[in-house]
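First chain A sits with chain B, and in the next complex the same chain sits with chain C.
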Partner chain A sequence: MNNTTPAIEIKDLVYTYGRSDAVHGLNLTVPAGGCYGLFGRNGAGKTTTMKCLLNLLRPRSGIVRLFGMDPAKQEVEVKRRLAYVPDYVAFYPWMSVRETLDYLASFRAHWNRDTERGLLDRFQLDQRQQTSTLSKGQKTQVALVAAICPEPDLLLLDEPTSGLDPIVRREFIETVIGAYQESDPGNRTILVSTHLISEFEGLIDEFTIMNKGREVLTLGADQARDRYQKIRARFATNAPETTFPGALRQRRNARELEIIANGGGPEILDQLRRLSPESLTTEALTLEEVFIATLQ
Partner chain B sequence: MQLVKEFRPILLPWIGAVIAGSLIVLKPLVDGVGLETLLIMVVSYGFLGGLALVPTMVFGQEVHDRTLSLLLVQPVGRSRIWRQKMLVAAGAVIAGVGAEVALLAGISTWYPGGELWEAVQTSFRGEQLFLSGVFLVATVCSSGFWTLEAGSIVGGVVFATASQLVTALALVPVWERIRSYDDPFRDPLNFIIIGVMGLIYSGLFLWLGWRKFVRLELRDARSVASGNSSSLARRWPARALLGSRPESPVLNLVRKEIWLQKPIAQLAGAFVVFWCGVVVLQRLRPNQDITYLFDVVTCLFAPVSALLAGCISLGEERSLNLSLSQMALPFSAPAQWLLKLLVSLGTAAVLSLGLPILLFAITGGILELHGSGLMNPKDEGILGLGLVSALMFLLGFWASTLSGNTVRAAIVAIVGVITLPALALLGIYWGTLFLKAEGIGSQNEQIKAGLWITAAGALILMLSQSLIQFRRWQGGRSQLLSYSLLLAGVVLFVAVGTASLGFLML
Partner chain C sequence: MLLQINFKSGKPVYLQVVDQIKAAAASGAVQSGEPLPSIRPLAEELRVNRNTIAKAYTELENQGIIETLPGKGCFVKPNNSPLKKEVRRKLLTEEIDHVIVQAHHLQVPPDEFLNLVRERQAAMQERQNSHDKGL
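The block that comes next holds the complex of A and B.
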């Protein structure tokens, strides 16, 4: 793979369950070395997309490539370079945590035992405990340990923090994921599908919002912050009932006017200034707010 | 580690099969008591059924534990995983047969007067052993395909067995055209033909299974099922009848229980289709008597459906994580337990036994059932089948309150079906040894009476344990072990006691 080969490339992906479309004409390019967010409501097609990447589902049409390889034809080569944490984590119930990790390590050419020790300590996981007795959050923790230890080039995380308590969640996102990427910057790629967008705010470099199987918005995180702005104006009397071109949404509440701008922030600000407001503030939208504004 | 992981889940049915097969050592003991049919059925079904479960579980356990995605995302080719699993399945079945032969050879050395080999030879004819071999090879090769197709262990076993029966049924007319013998085993060449057909079948399903596995798509079963079934379910007329209403909680619980028994109704549907196929075939080919197939399929259907009727209700609720919310309902737990028992019992009585008897009665009016001995009053075959089915049902129901899901309950029940009669016979044997020593009492009568009293004792204990455990909602291995040991102890004690007490009563 050369540096220009994206970690993930999806072109016109279509997948259907019976008659209903799960993914319809999705295009996605994830450059190597970044953290990419896949956002969408329940049933948007995020998990189906992930499963197509893993060859767990075969696309009805379209092209899927990981590191330039076709996962259907070079399945093993592709999977050697990635690790996956599913939304529903399941382990063999009779195995202990230790046995589960040994079992999963047996498939890998490389397994970082120091990382494993560190993560087990950090998550306070008992290696002798049977997986059938683990809580949902603990199972997710074991899955995360198993995904990080082989130090893959690509981490596919499907709702990775669901079930984790807030402390472990924050620690996982800030420390574990951060450390994973920083240990080989430029080569470690993460594709994360999540509802908890605000938790990944600082990590996401680029994201795609999906709705009903279709791509709605693809943008870099910094671009999104520049482009999507929340403008608040306060007037001496009731807010004027003016419409603002370029406003994605506007809300009037007595003397206050709140506008979500999609790219037309400076023009809206000029227009508002002409209306002589008492105060005028702007702030960038968080990714979660961008997500909500896009889909509402 | 990977091989250990493959062997771990199949250990229980494997051990169960070997133990079931070794029960043939009790044959000289029950000769002349009228329990020969029962023992032969337990031995045959236990051994073949247990070994059939082994290859099914190799794939089915992954589906059941939802670990297929964990396995398939590992950097190993699917063909390699498939080969590994098939090797484990085939190796385990071969080892099971080998262990059985070795075990019986070992026991026969201290068995008095070579009675054991004689018992084996008189119980199983050469062609039966040959057909069993063909069945095991075909099951090993086809179970992967059928388990993945059905998406469950139970479905895998049922389809793998049913497809062989249907294939055999379809080949009967061809067979008659090529070799017009009433007794297909009169000519040794026919062994070769059956063997070749078995190999072709096995090869075909081996390839289909591999193809299915390498192309397997991991869809969310629940969403797919609900998406596909909703329109069908809406059209199903029983849905209106079985749909919940805002009033009458008892009726709603009954309706829910009937819904949970739906797989038994589907199995019964397949049974009726097969039955009709045999009837049509017999009408088309009156010169060749194939009515023995009614017995074969009934002997398969009745115990299996009774077992499933017993364990599916609570087993499925536990698999779907519904049992806690059911227990949280403002409705007495013993009443819920009783409703479960009654609806399951009703299903088993109507579908597992009532349906075959009805079909025999209807078919008797159309065809001469020369080849069928099951309904012959002299042989008491249907009584034996009824007893085995009742035992399967009861053990299934008991095990479902102690296990986490249907499959575990079914395995525990199968182990129980093998172990409890063996313990009862052993207990009665010890008791009658005492009688013999005293020179008093009719041994056969003592054995029969002892078995009935033991069965009654076991029934009361099992229902009590089931109710207690149902109210506790969540069990564990230790609970299952302690209850099983108590049950085994009571069965042994009552069996010894009743056989010995016979001496006092005489």
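The block that comes next holds the complex of A and C.
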């Protein structure tokens, strides 16, 4: 595969439901082989964006490309190469787990039986059980098995772990890391939309924060943790009422000062040192804290 | 050797893995010839992207800390840097300069600074000894 073609390319995407905008001029590029996070509050337009990628919704305007192809025109070719796990999974209720997987496998050119066996064991799923009697966590596990076994180039995960218990969430993420990226990790791309950001922190290479259908911030995860810092200073007497240029936010409480820096961390630290604080500490913001600081 | 990722350190995740493995090799927590965990289980355990671990191992290999034997995995190499002595000295000098600047800002005077270096060296030596005895 040509690695320079991005797995996903979205330009000026607009989608409207009735009179309200769901996505308003979104731009997004997901390089092949990475794990990309799409973060946003409920209603930010994440699911609408996913559905436009899957050709389940037709954009009002803008360009959507997957592997350089138009999902509306080359739908089959695009869908051969991707798999999708939605937040709410529905199967035919009369089918067993076995029948469901066989049914889904019948649409696929390729299906890794070893991976399937390994994952069914790991999740302790009973293949004879009817899907209507599965718990929400088990349904998500079956959907994940069905998404990973065809070994697609792109895995679209839309709020995949919301509503699951912590153990199932953990297993879900470990499975994505382990089983999905197992062969040819350089060509295994993940787009995950979530607001449970801390769970996916280690997986995310790059992310976009969306708000009200628009892109607010796009950054590499390591760069974000380098750029956004929480600086705390404690003084012998009351904290000075200085304002710090480059501070995203600052809080003062008697002798203490807390500053959220976006980029200007070293300058703010220099400025603080000159004020001779008793103690001075910095730590990086986690991606979840970056998300909150950006949208507050 | 148990690695731990701290997202609040602000240090790129792959470099945290690199530095921790280097520290483990220096202290004797992993000995030369010992295998490192393979990429998949380590990524799963730390819950980080496999590319991150792969990048860390590539970096360690470039620095001559580990070697990859095809089909067998990654192993810690004997402490035998492929770099020339003056290059090695230069790399270390850069690190030392950085720490000296820090010491200045933290108002640690030169004598105290040197004592601190000796203390840390002794602590590292002690860890090495205890690992040697453990074998």
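As a working rule, the second predicted complex is superposed on the first by the 290 of 296 C-alpha atoms of A that agree within 3 Å, B and C clash if a C-alpha of one lies under 4 Å from a C-alpha of the other, contacts with A are read in each partner's own complex, and residues count from 1 in each chain.
Keep in mind that, in the parts below, contacts are C-beta pairs under 8 Å (C-beta built on N, C-alpha and C of every residue); 3 or more make two chains touch, one makes a residue touch a chain.
Predicted model only: the values in this text are computed from it and were never measured.
After superposition on chain A, the partners chain B and chain C are accommodated together without colliding. Applying the stated contact rule after C-alpha superposition, one finds that A:R108 touches chain B and leaves chain C untouched.
Judged by the touch definition given at the top, the superposed model places A:P6 against neither chain B nor chain C.
Contacts of A:G45 after superposition: neither chain B nor chain C is touched. Once chain A of one complex is fitted onto chain A of the other, the partner contacts of A:D222 are limited to chain C, with no touch recorded for chain B. Using the contact criterion defined above for the overlaid structures, shared-chain residue A:F91 touches chain B, although it does not reach chain C.
When the two structures are aligned on the shared chain, A:A284 is found in touch with chain C, with no touch to chain B. Rounded to the nearest 10, the angle at the Cα centre of chain A between chain B and chain C in the chain-A superposition is 150°. Touch criterion met: A:E201 reaches chain C, while chain B stays clear of it.
In the superposed pair of complexes, A:G213 makes contact with neither chain B nor chain C. For the pair chain B and chain C, the model built by superposing on chain A gives 26 Å as the shortest CA-CA distance.
Overlap of the chain B and chain C interfaces on chain A: none, as no residue is touched by both. Those residues of chain A that touch chain B in the complex are listed here as 17-18, 20, 47, 51, 54-58, 75-77, 79-80, 82-84, 86, 88, 90-95, 99, 102-104, 106-108. Chain contact summary for the complex, chain A toward chain C: residues 33-35, 170, 173-174, 177-178, 181-182, 185-186, 201-205, 221-222, 225-226, 229, 273, 282-287. Against chain A, in their complex, chain C makes its touches with residues 5, 7-10, 12-13, 40-41, 43-44, 46-52, 54, 105. By the touch criterion stated above, chain B contacts chain A in their complex at residues 1-2, 5, 8-9, 65-67, 69-70, 72-78, 215, 217-220, 223-224, 227-228.
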